[in-house]
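This is the structure I want to talk about, given as structure tokens.
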Amino acid sequence: MTLQSDCCGVYFPNPIVLASGILGTEAGLLVRVARSGAGGVTSKSASPRHRTRHPNPTVLDWGYGLINAVGLANPGVAAEAPILRAAKAELQRLGVPLIASIFAETVAGFAFAAETVGRAAPDLIEVNISCPNVGHELGKPFALEPESAAQVTAAVKKATEIPIIVKLSPNVTDIAEIGAAVEMAGADAIAAINSVAGMLIDIHAGRPILANLEGGISGPAIRPLAVLAVYKLYEAVNVPIIGIGGVSTGADALEMIMAGATLVGVGSAVRSRGLEALGTIATELDALLAELGYTSPDDARGIAHVTS
Amino acid sequence: MTLQSDCCGVYFPNPIVLASGILGTEAGLLVRVARSGAGGVTSKSASPRHRTRHPNPTVLDWGYGLINAVGLANPGVAAEAPILRAAKAELQRLGVPLIASIFAETVAGFAFAAETVGRAAPDLIEVNISCPNVGHELGKPFALEPESAAQVTAAVKKATEIPIIVKLSPNVTDIAEIGAAVEMAGADAIAAINSVAGMLIDIHAGRPILANLEGGISGPAIRPLAVLAVYKLYEAVNVPIIGIGGVSTGADALEMIMAGATLVGVGSAVRSRGLEALGTIATELDALLAELGYTSPDDARGIAHVTS
Amino acid sequence: MLHLDDKALSLPQVAHIVRLENENYRTKTFTLDVHWPEAYPGQFLMAWLPGVDEKPFSLLSNDPVQISVAAVGRFSRQMHTLSSGDTVWVRGPLGHGYQPQSGPMIGVAGGYGVSPLHFLARRLGDGRERHIIIGARTARDLLFREKFRAAGVHLHVTTDDGSAGQHGFVTVALLPLLERLPTATVYACGPKPMLEALRSLCQERNIACQLSWESYIRCGFGVCGSCAVGKDGWLACKDGPVEVILPARV
Amino acid sequence: MLHLDDKALSLPQVAHIVRLENENYRTKTFTLDVHWPEAYPGQFLMAWLPGVDEKPFSLLSNDPVQISVAAVGRFSRQMHTLSSGDTVWVRGPLGHGYQPQSGPMIGVAGGYGVSPLHFLARRLGDGRERHIIIGARTARDLLFREKFRAAGVHLHVTTDDGSAGQHGFVTVALLPLLERLPTATVYACGPKPMLEALRSLCQERNIACQLSWESYIRCGFGVCGSCAVGKDGWLACKDGPVEVILPARV
């Protein structure tokens, strides 16, 4: 049995990777998660310029999952690059790849961000297109339309030689259509899904709980939505898929792999199972694959696509 | 304190109504739910012609909610009409309104279905537009595009004098846009949300668990998605909204009302709290409203729309 | 945030067949490596074969779980192709089963109805008078004669064509028992016409009866409404499958 | 399917202010109608005022819950406008607090650091030697002198300007205690420079210390990474806020 996985020519000791925005704010945290058994780690999405934080609450646990509106607060790519460099130095020793996540509000901003973080030589760059396009008349997130998603992809592709993962939003009518568009535009891999738009209202306060009003839902509640997104993308594209959303056990990870995922992102499970969640999930996946007679995750990938 | 609610001129003893497809297959069941305290009941969606059932599993409990692909199996509107008539006779005595739910695969089919169930004189007709449009080149559900949603609405509006509720799908990029389109086309009310598309894979079988592969997710997992949909619709339309999705307590119902709902649909909670769930939720809502100093649901409606 | 280790408990669970027995020309008993100590007679499970279907079966036993399956259609024939070690997915126990009363037991079984009644007879034990009437169209359709004898109950057999036991319907054997045992409870499982006949007979004679109804089960937990029986919205999967009818006067 | 009656437990819960006390010119103690018997000293809660912000506060007491708030900015000033009966939303208890060791207690408090240390001093009880050093810039910033006296601990006061107690930093009072009580544990809460100084002092002298660090808390449960302290990814909200440092040699 081996858990080794290859994504865009990058070697991952196991397919369980830390999702962006969870613990990925500091080099020390990225390294700590890698040490605890993750197959790869993704940094928190960084934008061209520093973005200040929303007032709290920004991250809450509502029992069936989390809701967050961290609002993409981040120190900006210039400050992020040294964090990535520090992380990379240590991660390389551990043999755990680093994925640098970026976002921007304009196509040019994406290219700039990719170039900047690229200098820290992450193994992969994740392009988070869930941020609103300030150039668009309605300010819709890039991820919501095939054209804008493709534009960003093409621009980032030009700006860096590092393979890029485009991260899709689930808040669309047809995610497979967006996936196909970013593949055409040059995406080396696709990550799905980002958190699902939602809202909670505090009935005593008579107002939304998050300071930002709406937020992103993650955790167990969204698992079946994520599995379906990965399943549909697997039928629509040929590039590898990083399946993310609600995974908290080895069985959940295997479900994603069977739907078609090459790597499996884990975020909210850190809440329920601690920082060691990723290592634990990898161990569980290993045992399950063996029990079910597979010799590697590759064996199981996509097998849920029944033709009968 | 009164829980009395008015929707399109129809009087509801309380705002908690049975959602379509839950227990609504027989007159006896509709009446039983009404007796146990529901403010209104919706029948299972019926189509112009009889539709046979998918093989099982079609409805499963995955812990955080349900997944179903009952596949809109139903006896057809001709057979449904006597069921509705029988139910209506008894419900009228109880003072509980009956909502007849219909769907079809063509615009003409919707009109026919509305006419047929209309003869049983339900208090309202719910137009479930989540079914694929067989006339559309891609067979996309009517609910996914403003144009097709509006077409169905207009056709049903012409076919019946009974006020109509158009039930929207959450599987769209912008539900408010669809809501505005159906309001323009004559919808007297809007129901949101239908179940959210999802999939579960059995890792031992290596295939999706539902015979239909994908299905609709309902229950607690989708509550924040439903609350956000209602919140957005409330800002986009003026007609009353029936808020549905994951409500299982009086507090959840109040949350929907604060987001803007006039009536609150309850389905999956019957799994966790039994057939009496609706009556229990109404009682809880009553106590909560009193505790928080409201004199009726109307007082609390939409108050989560902070302007500050 | 919840971490549901048991989240799969209401989803179909993997079970392996550990023993297979032929009961008659078209019926096999499956013993599974599943143990449901809390399950009781009259409850059922849903058995899933991926790509085929998922169907309800009454428990013949709970610890280990056993079911008897008559090969009559697509799903049940597929079940019959399985061998020891093969996998079948189950969820349960589901529904409300028999509620044992004090006093004598009269069990009436038509077809696969023998399953829950054998489970019940064992559960009630030999501290009371126990009668079982099994009815079938013809001799070769009869099930569980040996099993019931081994359980030490008084066995009565009827066949519509007289090819075994008494000639006629189960009522032929039932009526004298009802006369002799007015404090008995009738526990029954079988085809609808049989149950309806039993209901009238027992109500006329003011005898308690518990009837297990069959219906089309989808969810198995009282949500979809597909299993409603009768006019009052009684749900076979949740209110039943066993309907408990108390005598009008005690 | 889960029915989470306690689903709201990790969401902010409504609490009412039942008592208010002025501690100094800018600090008030709030007593809430919330009881957390399982909470212990060094843990914190997140207090939410809708439309304002949500901020962490150390528990001064768990049963009922009490916090002391210094009015220094937007949120804390808003807290100070509240009256008895008003609502504040809380979630907690969060984090890992002090781990009481046998032997003498030396508590060192800067600013609102008095809160968790008063809770700890009460918890440790008078069966051991307990010292508290409170430091402040100037006399009017000092907090909890009466409260600590009432708790029966040995109180040491230092001010940077000498306007009360000993002149100088908390270390002025600490050093002689460390000499005299080599088996003591130092428990501290206060500004970062103070904690860093204490860490060096204790490590040089091989004395156990437990330091409560402040950091920007968002989730409070170890997910968002916003509260990392130092280079090793130590999380104030989950690994801490209290860092437990054992002496190098025992």
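For reference, chains read A, B, C and D in written order, and residue numbers begin at 1 within each chain.
Methods note: contacts are C-beta pairs under 8 Å (C-beta built on N, C-alpha and C of every residue); 3 or more make two chains touch, one makes a residue touch a chain.
Here the structure is a predicted model, which means the values were calculated and not measured.
Seen from the C-alpha centroid of chain D, the farthest chain centroid is that of C. Across the two interfaces under comparison, A-C and A-D, the one joined by more C-beta contacts turns out to be A-D. Computed centre separation for the pair chain C/chain D is 64 angstrom, with centres defined by C-alpha atoms. Taking the mean of the C-alpha atoms as each chain's centre, chain A and chain C sit 51 Å apart. Averaging C-alpha coordinates per chain places the centre of chain A 37 Å away from that of chain D.
Chain geometry summary: the mean Cα position of chain A and that of chain B are 33 Å apart. Touching two or more other chains at once are residues 61-66, 200, 204, 207, 220, 251, 268, 271, 306 of chain B. Chain C has residues 1-2, 4, 7-8, 10, 51 in contact with two or more other chains.
In terms of inter-chain touching, the protein chains here all touch one another pairwise. Chain contact summary for the complex, chain B toward chain C: residues 21-33, 44, 53, 55-64, 66, 68, 70, 200, 202, 204-205, 207, 209, 211, 267-268, 270-271, 274-275. Across the interface of their complex, chain B is touched by residues 2, 4, 6-12, 14, 46, 48, 50-55, 87, 89, 217-219, 221-226, 228, 230-235, 238 of chain C.
Interface of chain D with chain B (complex): residues 1-5, 7-8, 51.
Of all the residues in chain C, the ones that touch chain D in their complex are 1-2, 4, 10.
On the side of chain A, the complex with chain B involves touching residues 62-65, 67, 144, 171-173, 196-201, 203-204, 206-208, 213-214, 217, 220-225, 227-228, 231, 251, 254-255, 258-259, 288, 292, 300, 303-304, 306.
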